[in-house]
Amino acid sequence: MTATALPVVRPTRSPGPRQDREILSRLRKATGQLSGVTGMVEDGRYCIDVLDQVAAATKALKAVALELLDDHLSHCVTDAVTKGGRTAEEKVAEASAAIARLVRS
Amino acid sequence: MTATALPVVRPTRSPGPRQDREILSRLRKATGQLSGVTGMVEDGRYCIDVLDQVAAATKALKAVALELLDDHLSHCVTDAVTKGGRTAEEKVAEASAAIARLVRS
Amino acid sequence: MTATALPVVRPTRSPGPRQDREILSRLRKATGQLSGVTGMVEDGRYCIDVLDQVAAATKALKAVALELLDDHLSHCVTDAVTKGGRTAEEKVAEASAAIARLVRS
Amino acid sequence: MTATALPVVRPTRSPGPRQDREILSRLRKATGQLSGVTGMVEDGRYCIDVLDQVAAATKALKAVALELLDDHLSHCVTDAVTKGGRTAEEKVAEASAAIARLVRS
């Protein structure tokens, strides 16, 4: 039974450590890309080349977001739905709202 | 005079230093946001909160890209069109292709 | 009548009729917007005005997609997770893949 | 001086008829896709299949927008920049603003 410990405050994530490693590795890569872009602007590099690197970093961030979302649906939302009740509905609504913010970002 | 120095190799950008400062400031802010996101994942923070920060960083990058693009149209493309000829057409085609990559990123 | 020809494998949706009405109304509005854009191009209207209408139709389509997705998570995915087992995992993976296609569209 | 022929009312587009034919053909295809999507929702087709068609229509609309934009840069903006003066700057600023609305749509 999982009845005792419903989250009272803001829950923390509990995905497997493997997903986290993957997400952290992507995040560090994207941060490195951005530092590279900063260097390109400082060096007065050609706008189109800079733009393409910004577009590449944007794509990398979207991949991070999609992985976080898949992780969230597979763990937090699935757990809440399995338990059922109002928390389940709230989790689904929360996920939908986050997807909307992502699609519109 | 525009006669002497047509770019032979990959051109460098020549916007006013003001735009560059603005762009660099936005880039550093976005890089800072990403480092923050990395810290959030390391601390096991709630997925939806992490996702929202990733979406915010994505928006910030898009703003950088749009500023670079405006800069490029106002300077490089405008200069090329003023000179006319094939370079002008090439610059417009190059800008359109960069816009397409941005819209699809 | 829709009673005779249910697909054998491919599942059908079973949302309440209210969501469907809402989605159909949005789809018809977006289709109307597109017909309007076609008329604008035929009349040789100014590019920027045409572009803005295309951007408005794109936003309307994203709203349709987000509503379909929320509907899908609240019904199909929730039902599958409640039943549990491999189907649940498959439904979550399928939803994640659809979200990725949407984010990248 | 460019004093004689500044547009007084909203300008009309003057691209070659070839681009217009291409754009109209894409718009009609996208409108057809949307009618197809409406039919799918009316028939109660599976959400994910509907979603994928909406994503396809969104991609088609983006392609229309990019073609309109390329057309605009190659004709209206290029013409204004060739004439020079304030109209040129205004056209570039207007194009940048339209690109921003497109990227954020």
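Labels A, B, C and D are assigned to the chains in the order they are written; within every chain, residues are numbered from 1.
Following the convention adopted for this analysis, a contact is a pair of C-beta atoms (placed from the backbone, for glycine too) under 8 Å apart; a residue touches a chain by one contact, two chains touch by 3 or more.
If you're wondering where the values come from, they're calculated on a predicted model, not measured in any experiment.
Engineer: I'd like to verify one number: the distance from the centre of subunit A to the centre of subunit B, where each centre is the average of its C-alpha atoms, in whole angstrom.
Structural biologist: So the centre of subunit A lies 23 Å away from the centre of subunit B.
Engineer: From the mean C-alpha coordinate of subunit B to that of subunit C, what's the distance rounded to whole Å?
Structural biologist: The mean C-alpha positions of subunit B and subunit C differ by 32 Å.
Engineer: Return the residues of subunit C touching two or more other chains; collapse runs of consecutive numbers into ranges.
Structural biologist: Within subunit C, residues 62, 65, 69, 95, 102 contact more than one other chain.
Engineer: Looking at which chains touch, is this a line, ring, star, complete or other?
Structural biologist: ring
Engineer: Can you identify all of the chain pairs that touch?
Structural biologist: According to the stated criterion, the contacting chain pairs are A-B, A-C, B-D, C-D.
Engineer: Would you mind writing out the residues of subunit D in touch with subunit B in their complex?
Structural biologist: That would be residues 62, 65-66, 69-70, 73-74, 77-78, 81-82, 84, 88-89, 92-93, 95-96, 99-100, 102-104 of subunit D.
Engineer: What part of subunit B is in contact with subunit A in the complex they form?
Structural biologist: Interface residues on subunit B, with respect to subunit A: 10-14, 20, 23-24, 27-28, 30-31, 34-35, 37-38, 41-42, 44-52, 54-59, 61-62, 64-65, 68-69, 71-72, 76, 94-95, 98, 101-102, 105.
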